[in-house]
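I have a structure I would like to understand better, so I am pasting it below and will then ask my questions one at a time.
By written order: A, B and C. Residues from 1 in each chain.
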Amino acid sequence: MSQHSTTYVPKSAFGKWFESRLPIAGLVHSSFIAFPVPRNLTYFWTFGAILVFMLVAQILTGVFLAMYYTPNAALAFQSVEHIMRDVNYGWLIRYLHANGASMFFIAVYVHIFRNFYYGSYKAPREVLYILGVIIFLLMMATAFMGYVLPWGQMSFWGATVITNLFSAVPVVGETIVSYLWGGYSVGNPTLNRFFSLHYLLPFMIVGVVILHVWALHVPGQNNPTGIPIKSGKDAVPFTPYATIKDVFAVVVFMIFFAYWVFYIPNYLGHADNYIPANPAVTPAHIVPEWYFLPFYAILRAIPDKLGGVIAMIAAILIWCLMPWLDTSKVRSTAYRPLYKQFFWLFVVVCLLLGWLGSRPAEGWYVIMSQICTAYYFAHFLIVLPVLGFVERPLPLPNSILESVMGVQKGGAGLPSGANAEPQTKG
Amino acid sequence: MMKRTLLIAAAILGLSAPAFAAGETPVPPQLSWSFQGPFGTFDRAQLQRGFKVYREVCASCHGLSYIAFRNLAEPGGPEFSEAQVRALAAEYQIQDGPNEAGDMFERPGRPADRFPSPFPNENAAAAANGGKAPPDLSLIAKARTFERGFPWWITDVFRQYSENGADYLVALLNGYVEPPAGTEVPAGGHWNAYYPGHIIAMPKPVSDGQVEYPRNEAGQPQAPETVEQYARDVTAFLVWTAEPHLEARKRLGFQVMLFLIVLAGLLYFTKKKIWARVGGEVEGHATPPMTHNP
Amino acid sequence: MAETTTHVAEPTRRDFLFIATGAAAAVGAATLVWPFVQSLAPDAATVAAGAPVEVDLTPIAEGQIVKVFWRGKLIFIRHRTAAEIAAAQDVNVATLRDPETDADRVKADHAQWLVVYGNCTHLGCVPLGNAGEYNGWFCPCHGSVFDTSGRVRAGPAPINLPIPPYTFASDTQIIIGQEATA
């Protein structure tokens, strides 16, 4: 078996000269080549790479769209149609960008729920995890403002409904809203500043992603067993093992992505957004993009305006408390028979909330939203803390290798003790 | 417990979705279109007939402002000849200017011009049509849809059903039927079976035999000159105006899919070969409870 | 010894210097933020475009609702029928979410004219006229119901449809954006 060096030694004279001035090759080598990766990672762990791909894809397509797009209330709709009709491959770039947002969110939701299932948010990965929540919030802001840019009916009314949420703030609410709008209603100044911020925020996401990856490389990756790497045999070097797996997964994801773009490019959008914005007519149903629906359902479940806004914001911010709300000593749900059932119940409740968010806010739907919202918060505030005390987890394996291969079997991995994860309460 | 939850969820979804889908307006019937599916293409003759219907029936009230005459000759559309398009454009008067004297003037259209709208602005359109401006038709096939309800919105993903706009338009054009007994239709409104709320401002736009279709050698019209056929033809034309690169999109899509699948296959075997160096890939965890090492 | 003296004598002066420098820098930073925040507010042209507009009421038939824009905001002008006025007045104000009498919401001697902002006070959608349980307005977005005085009667909207500033220039003309001077 070939030797996997853990430290980078430049071979050429130029390499030595450069490395002593900017040790970036060494950084890349230790982070993405020699970095020890648990050998039992499933495809759920490839979504990090998929998300990096989606971020880059969105920025690239977005930059090219911005070369033709006009952020002006009188011209925006027309300029998008110009891209769709006259710009060479404009339809492709725009459909990639529009569907890319949905793909980005599909990937991020898989990533988030993988983290919930395997307890990746627990010590020592709290900061890594909270940085992830921040990225998610930035993604939501970026996606919302991006949806406003084509200036169709749903753009306009979505912007009106969401910016009006801020008017629920006592005393200064109305002032905040007029500062968001730059006028007395959603209009040209609003569109202009949304474009500016929609272009800025992705680069802020890049910044937080760098911190997220940095924070990942301190404790190393979690894995399906939830127990840390104990010896070199538990791990393989990042390159080529994780790299090739990630690349394969990204290409499979691209097939999925391409299906939407080429065959049903408007399925995830709203027909109303092909009607130019009209401030005098509200569409019959104002529905946000699918990825916001669970939170929209929570907003509407609370009959009070301010209360609804607070509940919606709390629904995401409560994620930040998970590392401390979860009292279980075991990370991976694979060894938590009772929690496993609650986890799937939580998934069902989230899906139900998403569906309810797309329904009109009346009758049965409101009552169901209220029940689901109550359970959503109960999951974090009751289930997570209580279960840690009452649940008897299954016995944990001694090592990753034992779990997946039996104790003695197994091929070559890293030299032993290469990068033991700091011992935690698990 | 999880199973029970799923069952309850399924029961709720199953019960409430049809109730919603049933709604007030019927769901338009699904038609078969030449441009459906992964290899769909437009029927040129149908697009040309559809353009004729638009021009002779719809154009008096509805604009087509995102379409230029030149588009009619471009590949993937009705594909009229360049000469036909030039002649057609010249039949329209286009406002241009200002000239040297500073005045606006009218001149015959050129292929690069867009279709002139029937009204100078939306208020004029509304004023001339009982208070409601007839919508521009360039994007109408993508701007109209209907709710199909659970579980169809899931199956639609797999069968690539994206013709809801087209199906709705045909249903609407054929939907001018007698209102149910006892229904009061307000002045200026018309009863339509498929229009949401049923009262539509547009009167029945076309009747049988109104538009003459090109004849074949036998002197018979290429397609039946009926409202049913007019509706299908003009709808196909409007699907093209809404999505002029539909054919290119599906063609490129097939090539991209093919390439990606081959690449994914190569990557899969490369990955297997690389992982063989460490004794093959292992994933996940043993199914607990495992035999525990003392 | 001397060192100790210095150590004791200097701190207050040096602390003050640190605090003063830090405070000056903080004030400077806060001042720098000000113009950027203010640039987000409605600009001078937008404010100027909010000058009062005159609306002629003669073409508005009884029972009709007309939409006009002022400051980019939608305004409903409703010519109420006698029945609608009666319905609006015949309400126990104490039972309302946002208690206001109908008389407070129209101008004296002009009870047939109701002028309200046309965006739902919940999240800004345009409610549909002559609809809903009270035949006033019904908001299709989240189901708020308003009566013929524009007061919220059901649904999530927290307050009544607000009344824009306006005044009657004559019996058939109002000026929106201008309060009566008398």
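Definition applied: a residue touches a chain if its C-beta (ideal position, glycine included) is under 8 Å from a C-beta of that chain, and two chains touch if they have at least 3 such contacts.
Predicted model only: the values in this text are computed from it and were never measured.
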Chain whose mean Cα position lies farthest from chain B: C
Chain closest to the middle, measuring from C-alpha centroids that were averaged per chain: A
Separation of chain A from chain C, taking each centre as the mean of its C-alpha atoms, in whole Å: 37
Chain centre separation (chain A, chain B; CA means) in Å: 32
Distance between the centres, which are taken as Cα means, of chain C and chain B, whole angstrom: 41
Chain C: positions in contact with at least two other chains: none
Chain A, residues touching no fewer than two other chains: 284
Interfacial residue positions of chain C with respect to chain A in the complex: 37, 40-43, 46, 50, 67, 69, 71-74, 119, 122-126, 140-143, 156-158
Residue ranges of chain A touching chain B (in the complex, touch as defined): 1-2, 39-43, 78, 81, 84-85, 91-92, 95, 224-225, 236, 240-241, 244-245, 247-248, 251-252, 254-255, 258-259, 261-267, 271-272, 274-275, 284, 332, 334-335, 340-341, 344-345, 348, 351-352, 355, 359, 364-365, 368, 394-395, 397-398, 402-405, 407, 409-413
In the complex with chain A, residue positions of chain B that touch it: 1-2, 5-6, 9, 12-13, 16, 20, 38, 66, 71, 135, 138-139, 142-145, 156-157, 160-162, 165, 196, 242, 244-245, 248-250, 252-254, 256-257, 260-261, 263-264, 267-268, 270-271, 274-275, 277-286, 288-290, 292-293
Chain A residues within the chain C interface of the complex: 157, 160-161, 163-165, 178-185, 187, 189, 193, 279-282, 284-286, 300, 303-305, 308, 360-362
